[in-house]
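One structure, pasted below without further comment.
In order of appearance the chains are A, B, C and D, and numbering begins at 1 in each one.
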Amino acid sequence: MTLIIKLKKDVSNEAIETFKQAIEAKGFTLKDIGSEETTMFGVLGDTKTLDVRDVLAYEIVSDAVRIQSPFKEASRSFHKENTVITLKNGATFGNDESVMIAGPCSIESHTQLDTIAAYLSTQGVKVLRGGAFKPRTSPYSFQGLGLEGLKMLYNTGQKYNMAVISEIMNKEDLDTFNTYTDIIQVGARNMANFDLLKALGKAKKPIMLKRGLSATIEEWLMSAEYIMAHGNHEVILAERGIRTFETYTRNTLDISAVLAVKELSHLPVIIDPSHAAGKYSMIEKLSLAALAVGADGLMVEVHNDPENALSDGAQSLKFDRFSDMMQNLKTLSHAIKRPLQ
Amino acid sequence: MTLIIKLKKDVSNEAIETFKQAIEAKGFTLKDIGSEETTMFGVLGDTKTLDVRDVLAYEIVSDAVRIQSPFKEASRSFHKENTVITLKNGATFGNDESVMIAGPCSIESHTQLDTIAAYLSTQGVKVLRGGAFKPRTSPYSFQGLGLEGLKMLYNTGQKYNMAVISEIMNKEDLDTFNTYTDIIQVGARNMANFDLLKALGKAKKPIMLKRGLSATIEEWLMSAEYIMAHGNHEVILAERGIRTFETYTRNTLDISAVLAVKELSHLPVIIDPSHAAGKYSMIEKLSLAALAVGADGLMVEVHNDPENALSDGAQSLKFDRFSDMMQNLKTLSHAIKRPLQ
Amino acid sequence: MTLIIKLKKDVSNEAIETFKQAIEAKGFTLKDIGSEETTMFGVLGDTKTLDVRDVLAYEIVSDAVRIQSPFKEASRSFHKENTVITLKNGATFGNDESVMIAGPCSIESHTQLDTIAAYLSTQGVKVLRGGAFKPRTSPYSFQGLGLEGLKMLYNTGQKYNMAVISEIMNKEDLDTFNTYTDIIQVGARNMANFDLLKALGKAKKPIMLKRGLSATIEEWLMSAEYIMAHGNHEVILAERGIRTFETYTRNTLDISAVLAVKELSHLPVIIDPSHAAGKYSMIEKLSLAALAVGADGLMVEVHNDPENALSDGAQSLKFDRFSDMMQNLKTLSHAIKRPLQ
Amino acid sequence: MTLIIKLKKDVSNEAIETFKQAIEAKGFTLKDIGSEETTMFGVLGDTKTLDVRDVLAYEIVSDAVRIQSPFKEASRSFHKENTVITLKNGATFGNDESVMIAGPCSIESHTQLDTIAAYLSTQGVKVLRGGAFKPRTSPYSFQGLGLEGLKMLYNTGQKYNMAVISEIMNKEDLDTFNTYTDIIQVGARNMANFDLLKALGKAKKPIMLKRGLSATIEEWLMSAEYIMAHGNHEVILAERGIRTFETYTRNTLDISAVLAVKELSHLPVIIDPSHAAGKYSMIEKLSLAALAVGADGLMVEVHNDPENALSDGAQSLKFDRFSDMMQNLKTLSHAIKRPLQ
């Protein structure tokens, strides 16, 4: 049983009969679960296709509540074991280790990217991030190097044996991303770009799906469901802060979301403290908290020269801060017996 | 002057000098506005291209605030007169009348659309809405009739001399929308799909830009700026409710946003009470309020058979309710001396 | 039936039996409403005293949902007719007219209050507001004239035959408020000050209960329930804006809340546009919208000299603006056939 | 300089002069910081007493922004060293250790409290929590044992050498709390009950100030300022989750708030994961994250029989879970070199 429907008071038997027939004509069975003072039904059948709001269109309905999650492929009820995703260089999400992803917000030049990647590889980082197509709030801001940037990322990854991740903004770029990246990222602003999600169901690479600024955990998992229902079961979720009334931080990191995802789903989930806080001074402590809460990984912005970064300088770590952080993350990882890759 | 920068205490003169040179190298002038206890600068120059967050990347900066809006084309400061947008059949947004847009959430069949349009034209409605490409939260829900639906909409509009509006989800559909619609709608979930916005800067039709679920008014106007900066100055804004902690209504209608937009911008702004409330029982009263507050129009979902609608039945009006509402809206419009088209 | 309980999968029959006995020992009856794949129960009995969260304490419970409102005295289900509240000078809330309440944020001096009241009485305003005990965010701001101010308010009301309303902050002031006011106001910050609410259940005057900054409509009605359950059934609700991510306005006016309250409750509900918008420029339009949506009244801040007001100058109307507004409100009231007192 | 004021365009010199005189008459100095196209002033003087909104009351003002925090006693700018608060049994907040506070939500009986305290003392817990006066959402729920409960708490604390903390709801209970508790707690719903805060400025015990459900960090610190400005400098802040659109957890734990408080203030800050999550299953992981992020302590609900608890059973830990958690917290504390008391 997945939906509970409560009718208004003083509805005629005839109206109830018409309603029952209408719902049953859609292929569902109604079970009478009412009591003396309330007329109620439970809906049996595959209610993935019956929405609470469809039922509320009937004037005799007072209330309807869903009592089973509307997603299936992404749900732990239907798939008990954790999904584990392994990249070509061995970096693994969803097992008993956690993964550090790091790199610049935007790819700005060959030199910039190479400098950063060279440094990160000395730190043991296995996954390199870098934006080539940038969703910027202002049309007057740097919009990314595009394809050229993506190729730089690919080559740099090859050079240092790092897997690479970058954000896709258009479904027509899918072939390019299949070729040049190891993980395809969907940004927060595109979490509910359903056409893009459908296309990514056909991608040959794992998808990292960021949570939308005001997406509930259920909606986020429904977006994962879109990708999975269209064929791609390798989805990594990324919590990156949600929008609330608090403005001291850029967003509010919803650290409990990691636990919620672990209860509701079998997919790996990481934390991006850089976009959550929006302040370099908070990254290390939030990263420690992310590992402590059980995140499967971290994604952190690092820059050789944040003050001249073309985007997100305010939340990027300099090399020395990153090195200090890695030291402390490893100590904590060791203590909680979940090694950091 | 557009940005104010406050430095941390106890910063060396040398560090300040380096900072000033860095900012000035980017083409801005710094004006010293500090007092004895605080070092502060005002930034002169076209700060559209300098973001608060760029400045916060400098470790010596304590705080930075913008004191001028980051948009220009969309701003009333730069364009005092209201933008007025007139469609081929005379429907006009932004003048001293207001416009009713109505129709089904989704186009479901020729018969459904024709029935609704025939009815609406008897009510004097000049703009017909209907979704052909549908952004649905669940991959298992009806996804729209696509191009076939859009052609139905076009033909139905022709038949009843109604202008038509429908939602675009992909930039590759732009030619199709240029051909078959009179207004191209950007849905709330795509408000920050910047690639789509850029493409719509080249559209031949006015754009209706819905406010994102958690978009600030400033971000919404920045999205309008994207379209305008790329060439299309005919943008109509649509407030459709924002996401808050309250769940009794589907979204929280931010009726004050109409007034905010009128202060900040010259663009027309309408209200969509259907998506805001999510309940048919609230549409009429919210529509009355929308006209009273000064909205340039309304967009309302109407269906001949909401209980069997393929989407949004719960918030669609039946014909008799719509007729009653039109009567009351006209009475109010007459009283406030702003006729409803 | 008021609660639905869903158990986890694979729970032993013994555990289920223990659970049933525990709930039944609390005086409730469980009705089996499960199906083949799900074990579910409906709870019969007076579930006002059984909370969803009490049930969730049991480890075998997967989910519990309430399907009946937790309030009773405030609920329209239990009291179909509108509550109508009439003050000594005839001002009436909840009938087919609406009421204007106006006055300064803070009572600052005899002269200030008298000047404002004299003016308002020429405008036909029947209820005078004025704060004597002020909840100020900063300990360094003006905290109100206290009892002296309350007496000024009382005397001024007498002089102009206006009923008066002021905010109570402490239950020990109840006798004073019973003596000197006609409506006792509970501020947004005290909406969940349950001790104060209980005390107001013994008040001899109607209570105006403002909605808390982040209170759901259900929580707001539960606070009304506190007052009513302790003996005072004359409660007027006041929507004054909620806290959201939007900061252009001081708060976000949730105009749909008026409609929600009308559906869920029989109590009168008014709108305070001054605190919602926080800007004098928006008051008139929001007031028009408030009447259009069906509010039972308005509460507006008016000041003879806003620029020197000791509080809330930014949202107070000058006399000439208020006069213009009253003119327009009356025109609209006349059109919608709901006179403004 | 603390406020920046920007005037509207095309304001007459005369109006500017009048404005300047008005502000200066209030005891402030205005510094001209405008440029060619904008008239701007900086305000010098003790702007604790001048609010942004006071300035916005002037019609010629376009915008005003505060560039210095409105609190002083609570601010790290004015008091660089951490405040350290030590209780009679040695438990210390704000030094290089962290403190575990645990106990039942409500004190229900002597037996219940003694059972729990006896257990907790075996775990090394130094501070015992227990509610005697309970702020319950429903008037029909258990409201606490009151004074009798508080005495039980005091005696139990004595017996096991634990300091005790309980929530105050009314200022008239202050003497009682001075006598029977070691820390006086202000609940989230009373964070802006300014009369209570003023009274607590005269308390003889440290105050634990919970963050309000929708309070910004700045407002929270302003409430601390109220207590401090009235004489009591021993304030411990407690983050317990904020209200957002997400409903999977009871509230959204804002873990970054710990870092924000550490930047802005010198006061100790702890985390209450029980009220944040509202689910016992999440408490351990969130507690680990809280220590990792640098919180000065934790407050956790523990019950010998959560299923029959009179309040908050759903978020209370059983003894065995608590013991496991303590083990893991100690391991992590050891690793990060910040012992847990």
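Operating definition for what follows: contacts are C-beta pairs under 8 Å (C-beta built on N, C-alpha and C of every residue); 3 or more make two chains touch, one makes a residue touch a chain.
Computed from a prediction, not measured in an experiment: that's the story for all the values here.
Pairs B-D and A-D differ in how many C-beta pairs touch across them, and the larger number is found at A-D. Taking the mean Cα position of each chain as its centre, B sits at the greatest distance from chain D. Rounded to whole angstrom, the centroid-to-centroid distance between chain B and chain D, based on C-alpha atoms, equals 39 Å. Taking the mean of the C-alpha atoms as each chain's centre, chain A and chain B sit 26 Å apart. Annotation: 31 Å between the Cα-based centres of chain A and chain D. Residues of chain A in contact with two or more other chains: 214, 243-245, 247. Chain contact summary for the complex, chain D toward chain B: residues 1, 4, 6, 9, 31, 33-35, 37-38, 40, 42, 44, 63, 65, 67-68, 77, 243-245, 247. By the touch criterion given at the top, residues 22, 48-49, 51, 53-54, 56-58, 70, 133, 135-141, 169-172, 189-190, 192-195, 198, 213-214, 219, 222, 225-226, 229-230, 243, 278-280, 306-309, 312-316 of chain A touch chain B in their complex. Contact residues on chain C toward chain B in their complex (touch as defined above): 214, 216-218, 242, 244-249, 252-260, 263-264, 276-277, 281-282, 285-286, 288-294, 328, 331-332, 334-336.
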